[in-house]
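Quick heads-up: structures coming right below.
What follows is chain A paired twice: with chain B in the first complex and chain C in the second.
Take a look at the complex of A and B:
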């Protein structure tokens, strides 16, 4: 009986590794300049964790196979050095593994989050609120109008609380429900939340960053492939969370200029 | 002889109240100045709604027509209405279709039944922001029966959807059913008014209210026009 269990255990371990080794559920195509480092890191983590998982399952199976059917009265075999040694060995092994992943991984992470955006990066501001994303471009004057929470009037499309009546900078700001960006140009995205915590997640961009109410956060990226990609909220934000999404529209510079002009002409 | 005449007069009253109470107030609502341009609404996050609109949808906060006509203005009798307290038995319907509220401004009598219908393939969460009435906020998945509600006090209530931030409308809860909402040509009509003195109020969601006094003496049509000052922003 124990031997059957040992074999089943090994089989389950192998079967669950197949889709990962064969890359059945791989990430979608990477369309950012920094994404490859994150993909590499994910791969390393997967190899490392996968190897440990398989090793642990096989050793467990081996022990079951070897020591099953023990008769009462047989002497118990113990780990050399006793339980203390075992715990220390496990701690050192797992500790080294996690530390190594962290040290190597921070490079991929810091390259996105700790580096300052380029000087000529295009700044776009986003406002997240229950349950939609909105994006704002500075317009021809290159300046964002101030935000006044008391002026927010969503029924009148004033999602950012602009005051064009008194604020000249706000008059040419372009508001869009879609995040249009030019291809191969760095974008510095400012994240602002109107109400609760939200998250900006584009799988293809390999970016996931929370919106925190009261904090102005920023994330920068360069998209390398034109197309339409889904932006989803990945921080449970209320009843309509499942429906909180927008689209990232990566366009050639020419198309982007046209798109922005269309948006501002409206 | 006298009795016969009396009877005839009574019969007249019974059969032709329309003839007796035939006073009408009608007119046009206009604006001066430059109103803000309607802003396009981006519904791309809700494809089931976006595909219902062949032409881009714009905001309905300020709806204008030719010759400075102003639409969506609620014109009603604020003082002297003969039907105060007479709650119409039929319900009024507020429809959610294509992720918009139809009509944009819905008028109803205090105590009158309000039915909220969801004719979309997506969930809505209707949230009228009442201040003097009781505030409520109800989720309505597609295919669910209409929500039935009523309001006890007079109030202009902004309505929003907690799922689709661009959805916006108004409930005008009034103590009268002598009310009209101006069309795109600015026109309105308040028929069937018995003789008397009335105050007519015109209300616009961004431009405020205007009033006018009018006296109906018999079978006549009085012209009353309202003009609002438009704001460019």
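Take a look at the complex of A and C:
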């Protein structure tokens, strides 16, 4: 039975690796300036994790194959180097791996979270609520009108609780259900939650960030390829969570200007 | 130890049905009660996962009879999106608390920890009884949620505020359903606190003569370390639950900030923080992973040594690794919150200890592998599950490399990759530990052997089946498949649906195989071959007493311990194993 176990283990290990090696279901193509670093980091980690996985399964199988069903008189042997050798091996191998992954990986994280947005980045505000995303552009005055939760009225399309009657800044704000952005221009996205926790996730953009009620956050990115990409909610937010989505529409600067004008005309 | 032993609350033999089987003070009966409760919970939880997997791939198909479970949640047998989330919450809560905490730790720990250290019972038998019945009350409180008109809560087992805190405005199940959940978990915390105190006191005070700390078997050590972790972890979750209950019913705002508009209603709260809940919850939540896995590591080591007929390469290194895992488990909770909006610098601080935990985990794995080398491995169902545990632990562990890194978490967080990771490493691996323990100790607990043929059938299908279910989850995650969705409505998901179908079929099949285990358990309990005192030729104290043991374990005698726990294959000894209580002198090492 030991031999069957060993073969099963080897088969499982190989079959598990096939879809990854053949890249059947990898991440979609990256369309951001920072995503490359994340993809590289994932690839490096895959090599190290994949190696550890295969090595451990094969060695486990090998030893089970070899040491099952020996005769009772057979002499027991001790692993060369003993526990001390193995502890040193773990410290050196895993220690180096951790340092390498940890230190290099911080760069990818830093590029998203530690760098301040560019001065000329376009600021867009997004609001997540059960179960829709809305986006707000400041309009020609470059200022967002203040938000008043008590004025939120979805029936009258006042999703952000604006008060244009008393608030000059709010009058030219442009509201959209789709996140339109110009290509190759940095966007600083402000995240505001209306009710419970939500999350902003665009696979192609390699961006994911929670919306935290009571805590306004920001994340910045530059999209490099025109197209429509799905924005999905990844923080469990209630019964419609599975259906909470919007689209990121990356356009050329001209198309974007036209698009924004159309939106403001509504 | 004799002075300390006098401090134990002695109790006489049980009188009457109630004291014998229901409100028993006997740690062995309480251990079996925990096991029974875990068994009910695990089959319920598994059944819920069947319903969920079925719904994910056939969202519009009616499940015959489901309308009987909830008319609102499944009109005509077709599950609504919110009922999917209700089942998801219940599946997670049942499995994490009532299975993975109860079975390897509370059930086996209760039964075997006192015996393995040579004690007559736990230090506080009445506390012990209370902790089981409080757990039982917690279970009832949780199950009550099924009978509330709008069903169990839809906020997941993590119950993130403010979704879980603002009340019924936020959605179905978030009224009394969520209250049931919070009350249940608060009760569970109280029970676990009582239980872990008891374990610690018992281990420190009631060891038999000669049973030094380093002579305790590895599983005793694992239960001891786990109880230290549980004492600190549940002590944080308990107040968190109490604050949640206050937010829900007393109008406080611990977790709810100002200005939230839920269901068009401005919520009458101000000043709270949703992140506070996440910090408190994960301060418990991460150590909880180790509460589930450490006892399994201990049980598996204990069984493997017996099956290999030789001790592990180093007893001390194994215990040291488990201690450092326990210690580190308190420094990593923030890795669940990389994208939660906490300061991005802290992500780096949490990332490093998370990666460092890989070192003791790797040491353990290498020790198991290195000890297999040159052994005389005996294949039994118990050893098969123990070897399967190692394989699963490795497979679930390596994906931790990815998730420990905040930069990669940006892409993989909240995807099925995470689901695959924790199901393998804490779910399947821990459950393999429970299975191994069951096949190994069943003869001691019942006086009858389990059927090995059925056991092996159970193992093979479960081992391959579990890989078929949980490995593809990683592929889905790499493709960006988001978790906690009740159905996949967009084009992006279309190419991934065959993978989901494969998983569902594997889950239905592997689940069905568990009925073989259930049958074996019940059949062997009544019809199994009578078990000798020491069927596996093992060395620790539980094998020195009759199967099943008498109510006071050692029949009024006080065992004396002469040896380290695992004297297998000692050259020049009279047999290939020397029991801990055997006065036989070890041959001098040349």
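Note that in this section the second predicted complex is superposed on the first by the 235 of 266 C-alpha atoms of A that agree within 3 Å, B and C clash if a C-alpha of one lies under 4 Å from a C-alpha of the other, contacts with A are read in each partner's own complex, and residues count from 1 in each chain.
Just so we're on the same page, a contact is a pair of C-beta atoms (placed from the backbone, for glycine too) under 8 Å apart; a residue touches a chain by one contact, two chains touch by 3 or more.
Worth saying up front: this structure is predicted, and the values here are computed from it rather than measured.
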Touching partner for A:246 - first (chain B), second (chain C), both, neither: first
Which superposed partner A:123 touches (first chain B, second chain C, both, neither): neither
Touching partner for A:264 - first (chain B), second (chain C), both, neither: neither
Partner chain(s) touched by A:33 [first = chain B, second = chain C, both, neither]: neither
Which of chain B and chain C A:207 touches, first, second, both or neither: second
Contacts of A:224 with chain B and chain C, given as first, second, both or neither: neither
First (chain B), second (chain C), both or neither touched by A:154: both
Partner contacting more residues of chain A (chain B vs chain C): C
Contacts of A:184 with chain B and chain C, given as first, second, both or neither: neither
First (chain B), second (chain C), both or neither touched by A:90: second
Set intersection of chain A contacts, chain C complex versus chain B complex: 129-130, 154, 238-240, 243, 245
List of chain A residues in touch with chain B within their complex: 129-133, 154-157, 159, 164-165, 171, 176-178, 238-240, 243-247, 266
Interface residues, chain C side, partner chain A - complex: 80-82, 85, 154-156, 158, 160, 162-163, 166, 170-172, 256-264, 266, 272-275, 308-310, 313-314, 317, 339-341, 344-345, 347-348, 351-352, 355-356, 358-359, 362-363, 365-367, 369-379, 384, 387, 390-391, 394-395, 398-399, 401-402, 405-408, 410-411, 413-415, 456, 460, 463-464, 467, 471, 475-476, 478-480, 482-490, 492, 495-496, 499, 569, 576
Complex contact set, residues of chain B against chain A: 37, 39-46, 59, 61, 122-123, 125, 139, 158, 160, 162-169, 206, 231-233
Chain A residues touching chain C - in the complex, by the definition given at the top: 1-2, 5, 8-9, 12, 16, 19-20, 24-28, 37-38, 41-42, 45-46, 48-50, 52-53, 56-57, 59-60, 63-64, 67-70, 72, 74, 76-79, 82-84, 86-87, 89-91, 93-95, 97-98, 101-102, 105-109, 112-114, 129-130, 149-150, 152, 154, 161, 193-197, 199, 201, 203, 206-210, 212-215, 217, 230, 232, 234-243, 245
